[in-house]
Amino acid sequence: MIEFKDFVFYALSFVLVASGLSVITSRNPVTAALSLVLAFFNAAGIWLLLQAEFLAIVLVLVYVGAVMVLFLFVVMMLDINLDKLREGFWDYLPMAGFIGLLMMVEMVLVFKTKEFNLSPVDDSLKSISNTEVIGNTLYSTYVLPFELASVVLLIAIVSAIALTLRDRKDSKKINSSDQINIKRQDRVRLVAMKSEEKYVKSKTKDRK
Amino acid sequence: MNELIQFDLSLIMPEIFVLSMAMVVLMTDLFIKPSSRWIIYSLSQLTLLGSTYLTGKDFAEETQFAFSNMFVRDGLADFLKMISYLGISLTFLYSRSYMKDRGLYRGEYFALVLFALLGMMIMISSHNMLLVYMGLELLSLCLYSITALDRDNQKATESAIKYFVLGALASGLLLYGMSMIYGATSSLDIGIISTTLFNHPTDHSILVLGLVFVLAGLAFKLGAVPFQMWVPDVYEGAPSSIAMLISSVPKLAAFAITIRLLADGLQSMIIDWKEMLLIMAVLSISIGNITAIAQKNIKRMYAYSTISHIGFILFGVMSGSLNGYASSLFYVASYMLMTLVSFAILMIMSNKNFECELIEDFKGLNKRSPWYAFLMLIVMLSMAGIPPTIGFYAKFMVLQAALEAGFVGFVIYAVMMVLVGMFYYLRIVKLMYFDEPKVKGKIEASLDVQWVLSLNALSLLIIGLVPYTFMEATTQAISLSLN
Amino acid sequence: MEALMTFIFGSWGSDIAKTLWILLKIIAVVLPLMLSVAYLTYFERKVIGYMQVRIGPNRVGYHGLLQPIADALKLLFKEIILPTASNKILFFLAPVLAIAPAFAAWAVIPFDLNLVIADIDASLLYIIAMTSIAVYGVIIAGWASNSKYAFLGSLRSAAQIVSYEIAMGFTLVGVLMCANSLNLGKIVIGQVGGFWHWYVWPLFPLFIIYFISAVAETNRAPFDVAEGESEIVAGFHVEYSGMAFAIFFLAEYANMILVSMLAALMFLGGWLSPIPFIPDSFLWLLIKVAFLLFCFLWFRATFPRYRYDQIMRLGWKIFIPITILWIVFIGGMMQTSWGYLFH
């Protein structure tokens, strides 16, 4: 009889695989994106089963909470015509399928007989808070790649802005601090005027 | 603990300096007027000067490791970094007026190039596959976005997309290969991989499969056949100044990680990668040289010539000896010097309303400006490998190393391909000297560009005449770092 | 109980018993929560009523106390209308997605010392993760309704929530730097010893930013552009009626209580009493949460709605820089001899 834990694992894995398939097969891009969200959730669940709670939560936080929201945002706004994207699918299929199959056979041949030289995770780590363990390793052993990863993100921001920011000439943007700092004197001007009658008179004179 | 960190930081000082200056450039650009962009330019040049000082101040005599052996500082690293600073500095200088004319003379350009330089420095100094990958991504992301910087130019955008998609694929392949090597050796550290493989020759098929993926990734970044498709398209589509950047300094970094991964980490698998490199080298030389003949666009011609040069560099690497690596290093450094001049002349001949792109544009250059024609002559002779230029010497060294390693037949084949290649290089010379100019008008460049360009081109001749100091430096760099 | 379960279900017994026990605990949290949501609506109508010199609901029951029950019954019996050409599955999924994270986050909220459903190490992270997925309900509701107003509302809300989440996340970084822990219980215990030990003082700017971001995160006035009655009718839930609408309503108020609870736990010492010699109690937590909720209503009655671009500007250009600067400042100060002030 399978254990409860195994049962949870298989349930999560099944949904994970099913939602993964739905990502690539669904006709509606929004459904595909939402399936991906579901897949992330299940992956997080599997991580929780392995007691990697930090990774699980961060997966949900970063991918589900931020990345996919923006992704969905874009997908919803673009009216993607999937039929056009699928054009030529059947033409490419034989070649792509052949290469894919070839790769798969190769991989199976390589992985089937041999074992990877990796040792299983140390059980003693499970008793310590794994947020702390990850933090310690990240900021000591892997500090250099970690910092470089932040530089990569910075570059992504700089490039995204450099490639897309254009000053719009018809922008109606208002500078809020200017708006708040406005004083009465800036908007209203008191003008000392001579009396009305004379003004009218001079005007009429001019006309003549 | 604190002392350890201080030691680590002292080794990585040039990188920290470049990174902080890149951010300073980025921030300064926000606060200055477009008319005073010279500040950004001088800041960038100062960065390179400063990092040259920092690297040169304690030029590594011995191999030193930092950050849990991820980062290595040795002769090879410092030598390549110095050359990279020079290359980037020349790129900034040569591209200045060209970029100004096209409205690309912006702060982001300088910042991104400096970030790219940081990526290259990391690649050059990496002693861990994780760091190799980080450096590579740093560099590639910058290059993709710089290629598309001229965003209203359809060709540039298209080439950037091609570059990006294929580059991402290649990064994926590289990463996949690395993961298999990690699976077989349970380490990402190049030193540990090397000793593990040496002491216990493990599971071969996983390693070979991993090696194939790693090589595919490397070949893409270098631009070797059969992963060369992006090179001509990117060179043609990108603005010349950016094509110059892509074609020159990153090759040094790609060479560095090739040496680190193959000659250091996977040393014990030399029999496997030797054959793969041989195929790539021979194909690169043939396809590069033969296809270049048919090109009408000079940037495409340069691209194919680059591919053939990469073939020669691989010839040196595959010979698997210290001598071979040293001659490849010599080749890649001299290639950088050549390609910088070749693109610089292209940019000088372009102006605001005219893009010098076709081979025909070189017609009668001698009548318009005999000095630039002469400089171009030197470059073409050097690229073709005609004595007494640096190009001849580089090819000679590489082929000699291959000969020593026993590739007699292939060396003869490569020499024949050099003869084929001479055709298209000398065609440019013929157009410059014996044809009537199609466009009239003088060629103008600012004084500093004139001087530096002349010096750069003449150095091809001078180093070609007395290559020994340069050659010695490369040999020393290689022998210092690879035990 | 465990023995009984083992008897019935064999080897799975202990697991199932555990699950049932957890379910009971969840009900013990969710039921009072639902009730407080219901009376929060009453409280809101009364408070705003008095602020606008009106009386507010006073017909159903003593002083209108049965009003929320009457509203709930009314909504229960109303028909749920499915708009034409809408995506049926997603249309009904959206309210569920809105309410689920709002309740799920309560799993790690400590109500008193060791009185918590799941005492996990990274509970703060868990809460951020849960609040960050609340936005799906809004987005999907807007998209699945197949209506312009709903879609506009959902786009506004998605952009707004994602932006303010960053500022909110950064303020929590400040808290965990002070507390040296991601566990909410430990964060509260870190503030023990009188109100001058509360994190609200060293982290005052972060507290203000957290609370304003919380208002924005829950789509409350003056940041309620996602609903924007005057511009886009009712925003993302314009097509919803009956119980489906009620669930959105419920989620919004549950989220309000949640963020107020968090603010009380992280900045105002949770269940700790402000003066050391008065005993700590769950009641203190209730008082603090009630005060913060009152602020929510107060804002609603006081401020006019922000313009959309002003919201974005406030989030990105003011809050995020300030939080980052303050975090750097705290980090720096902790290294000096003044560091004890920040622990």
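Miscellaneous remarks
Each chain carries a letter (A, B and C) given by its place in the written order, and its residues are counted from 1.
Please note the rule applied: contacts are C-beta pairs under 8 Å (C-beta built on N, C-alpha and C of every residue); 3 or more make two chains touch, one makes a residue touch a chain.
As the structure is a prediction and not an experimental result, all values here were calculated from the model.
With centres defined by CA atoms alone, the chain at the far end from chain A is B. Think of the whole protein's Cα atoms as having one middle point; the chain whose own Cα middle lies nearest to it is A. Work out the mean CA point of chain A and of chain B, and you get 33 Å between them.
The mean-CA centres of chain A and chain C are about 23 angstrom from one another, to the nearest whole unit. If you average the CA atoms of chain B and of chain C, the two centres end up 54 Å from each other.
Every residue of chain B that touches chain A in the complex is listed here, in rising order: 12, 19, 26, 67-68, 70-71, 106, 108, 111-112, 115, 118, 122, 128, 130-131, 134-135, 137-138, 141-142, 144-145, 148-149, 151, 183-186, 202-203, 205-206, 209. Those residues of chain A that touch chain C in the complex are listed here as 1, 3-4, 30-31, 34, 37, 53-54, 57-58, 60-61, 64-66, 69-70, 72-73, 76-77, 129-132, 173, 176.
Residues 106-107, 109-111, 113-119, 140-145, 148-149, 151-152, 154-156, 158-159, 161-164 of chain A are the ones touching chain B in the complex.
Put simply, chain C touches chain A in their complex at residues 10-12, 15-16, 87, 90, 120-122, 125-126, 128-129, 132-133, 135-136, 139-140, 143, 151, 154-155, 158-159, 161-162, 165, 182, 309-310, 313.
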